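These are the structures, in structure tokens.
You will see subunit A twice below: alongside subunit B first, and alongside subunit C after that.
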Partner chain A sequence: MIPSTSYQDAILRPGSSDIGVLFAARQEDLQKFLYRRLAKPVPSGTNYITQALFEGQEPRAPEDVLVRLPSLRQSKWKVTVLQKWVGRVEEVQADRFSAALVDATNSRNPIEQVEFDMREVSESDRSLLAVGATFYWSIGYRHTPGGQVERISSLRFARLPRLSELDVTRMFAEADQLAAFLERD
Partner chain B sequence: MRTPDSEGASIVMIGSFNPSIFQPLWLGTQQLIRPEEARNATITTIQAEITDFSTEWFQLQVLQTRFTIVSADPRQYGPLRDLVIGMFAILPHTPITAIGLNRHFHFRMSSIDVWHKIGHLLAPKEPWHAIMKGPGLRSMTMLGRREEGNKGILEVKVEPSVKTQPGLFVEVNEEFKPPSDGQPEGAQWVPACLAAQWDATITSAETAAEHLLDLVKE
Partner chain C sequence: MSLFGPGIGECIVVHVGGGDWIIVDSCIDRSSRGPIALKYLRSLGVNVESQVKLVVATHWHDDHIQGLAEILDAAKSARFVNSAAYALKDLMRLVVLGNAMPPTSSATREYDAIVKVLKERRDASERREAVGPIPALANKKILAQTVRTAACSLEVEIYALSPSDGVFNIAHHIAQHELSDAFSAIQHGRRPVVQGPNQLSVVLWLKVGALDVLLGADLEHVAGATEGWRAIVHSRERPSGKASCFKVPHHGSRNADCPESWTELLSAKPIAMLTPHAPSGLPKDADIARLCARTPFVYLTGDPARYGRPRRDNAVEKTLREVTLSRRAVSGRMGHVRLRADAIDSGQEPLVELGNGAQQLCA
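The block that comes next holds the complex of A and B.
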């Protein structure tokens, strides 16, 4: 199992050998997720702990550094989704766009056609708005840390890596091969 | 589905990672997150051995052998998958040996009695009375497969919630390994695995949680 919400039972010692990561053994200790460099052996003939520091001499950096890291954090807001859809843009106009929506809450619901005002789209997502683009639309409630319940509607466009020229060339080659196969008879 | 008190989903990978690559500005430059998200990310640490930062909707923690990305915002489970697909489409040669798809819930139970009842149903106490007093279910994990023939190993964990009292914690984990034929290499199998399995894991977690709650429906 690869659990995500807790680190109990896991002790990880990556191959680099000078790094150790200690995980909390108990649920209540999850905030004490520790990461440290393993101590290097002190050269024989020195007494590291009681070593005198002379004037002008920089204190020797501790070999065993302990850094306290947070465990996986909780969101500041609690969001309750009432319904969510995955949309595909079908037409873009100056101030609005239309899309086909698949209900991601209940896949048995039929595909719907919906028109959105352009102002629903975040400024930095507008460059992604084009025919064929995929987006996620959710409506629900957000509970703020201050106790306020807000009705929310959020729209986020899918961001997938651009295809490289090599990928495009390969896909066209595969399509040509498939077409040739289908047209063989 | 009954509304949980809180929930989250995550993608965890085991492999060999270069943590310092995974920086908010890199994700922004690759257009995998919004430029504002990249600029406003809260960075805990970025070093050769470990990266840990969070944005409004996800937290990313990368060690040299472990990659964990978590979102507690159910609106963002689709974008979370897209983000990981994007990262490993750009880093296809990262050796990844296993991927775990996870979703968890904390449900408030209507009473202590109902809370006990689900523990008694899942783990009857009679066999334990002879060896301890007041036995109670601390944690239970069941192992199986989501569907016959599915390649993922499914684990469902049930525990008393540490966040909600009285509450039930349900975690569903589905673990996948690279295709056994050895192709494709590195992380090239990861995008296809996520594209094929993520939605199903997310949905099956809801089904599992609903089923467990229905056992004590009044």
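The block that comes next holds the complex of A and C.
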């Protein structure tokens, strides 16, 4: 299995259906990348851009441009995940934050309230840490190509899509239409 | 009447006579992974499809609505009741904004699913009055029926006591503020978190024969008389009588306690029942002491201090100890307080049964 792969300006999640990534054309907007949901998950190891276009994910505005990312190759690092949670940040203090954790490995387990040291959050994710933010926490073992085994704890914050005013206007129009239908006697 | 609470969430199920039931709010039973109300009613042999008449969402907070869409989908004969303070258009806009930010909150997901159920029924040419959403507003009668048996007939009336007119009048501004916050969150790539004030909650008054029951939702107490509990206490249009059973509002918190409600709306030493909200530590010791000073009959669905943490793989446990500063379970067993009372003979002593860790306080 290929693990989630971080690039300098994008995150790819092979095997997931929400890896469509488009970048704004302007150099100063490179940080504002977008995610697009594909019709079906991209198979591991396929060329990402080719697949995205194959699924009909055309750029929707002239200023959007596809950035060609390297093809993914099978990683020699193996990860065995023992436990996964989905967390939601409830409170942020200067040196720590608390969150509600929902067990994604065993849904029968209770929700837990957990406090983390701020240093558990990687620098690249710090800007995403806010009340209401979603993160994914995994604990497991990483097997190196040299045969070493390391216990790992990976805490990654979700990157959410940024909607344009046009997106919101369109969504509100649909919402208003449905509300009007339900309000009719 | 049954009150369920697993530490986060609550659900009330009431038999209103003649085999008819109502469900107020919902929470999920972890063992069956479904709404506790459906599990409970089916265990009693109730035909949910035909015997549930009302499904009420008191307000759109995550801890009150989980599983409500599944309930409504199963309860084909039920009308859906919603706070009038949530204008449908505003609520729908909040839902679409929330849906744009996966993973969605329970409130957003549930309302989206409820709307789909309602739309299916409206598409089948059912009228709004027969399906909902029925907007609940102070002193509005939302159910009236006469149950006739061989021995007697029983009058059943259910009223909403809130949201008050005062809250209704400012509700649009509240919604606009929420929408503005949600939009701002989205602009910054964050999920909207604001879920509206507790003052939008639907408080219910149930008259079932000789019994009066007050279900307090999460309504809070404020100084003015245009909203909160004082708006109910000072209303001239509310149903007369005093309730002998009280679902204590907002998990017994101090900011939901209105002394006048105990003297004006409740009989002496009523049965008071409540659910804990483990994340916020409610009810606190002071809340329990205050409740016990008002009535000796206080029942809590569970004690979060006794919720056990799950035991996991040794490597996971070791990492948990190394990485976290503190850790506690905030949900536990589905506590159950059940009140059985005679709706015809008010002189009969009510019977309170406790299950799954529910307990009597003030003993």
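Just a few scattered comments:
Everything below uses one rule, namely that the second predicted complex is superposed on the first by the 93 of 185 C-alpha atoms of A that agree within 3 Å, B and C clash if a C-alpha of one lies under 4 Å from a C-alpha of the other, contacts with A are read in each partner's own complex, and residues count from 1 in each chain.
The criterion applied here is as follows: a residue touches a chain if its C-beta (ideal position, glycine included) is under 8 Å from a C-beta of that chain, and two chains touch if they have at least 3 such contacts.
Since we're looking at a predicted model, the values are computed, not measured.
Of the two partner chains placed by superposition, subunit B and subunit C are both touched by A:V86. Once the two complexes are laid over each other on the shared chain, residue contacts for A:Q113 go to subunit C alone; subunit B is not touched. In the superposition on chain A, contact of A:E183 is made with subunit C only, not with subunit B.
Of the two partner chains placed by superposition, only subunit C is touched by A:V131; subunit B is not.
In the superposition on chain A, A:A175 makes contact with subunit C only, not with subunit B. In the superposition on chain A, A:D103 makes contact with subunit C only, while subunit B stays out of contact range. Once the two complexes are laid over each other on the shared chain, residue contacts for A:P161 go to subunit B and to subunit C alike.
Of the two partner chains placed around the shared chain by superposition, subunit B is the only one that A:S122 touches, whereas subunit C remains out of contact. Comparing the two complexes, residues 86, 158-162 of subunit A contact subunit B in one case and subunit C in the other. On the side of subunit B, the complex with subunit A involves touching residues 3, 5-6, 8, 10-14, 30-36, 44-45, 49-50, 52, 54, 57, 59, 61, 63-66, 68, 70, 72-76, 78-79, 82-83, 85-86, 89-90, 98-100, 102, 104, 141, 153, 155, 157, 162, 171, 173, 175, 199.
Across the complex, subunit B is touched by residues 1-5, 12, 14-16, 19, 21, 27-28, 35, 67, 69-70, 72-75, 77-81, 84, 86, 104, 122, 124-125, 136, 138, 140, 154, 156, 158-162 of subunit A. If you check the complex, the residues on subunit C that touch subunit A are 7-8, 30-31, 33, 88-89, 91-93, 95-97, 100-103, 115, 118-119, 122, 127-129, 133, 183, 185-193, 278-279, 307-310, 312-313, 315-316, 318-320, 322-332.
Contact residues of subunit A toward subunit C in the complex are 82-83, 86, 90, 96, 100, 103, 106-117, 120, 128, 130-134, 139, 141, 151, 153, 158-163, 167-168, 171-172, 174-176, 178-185.
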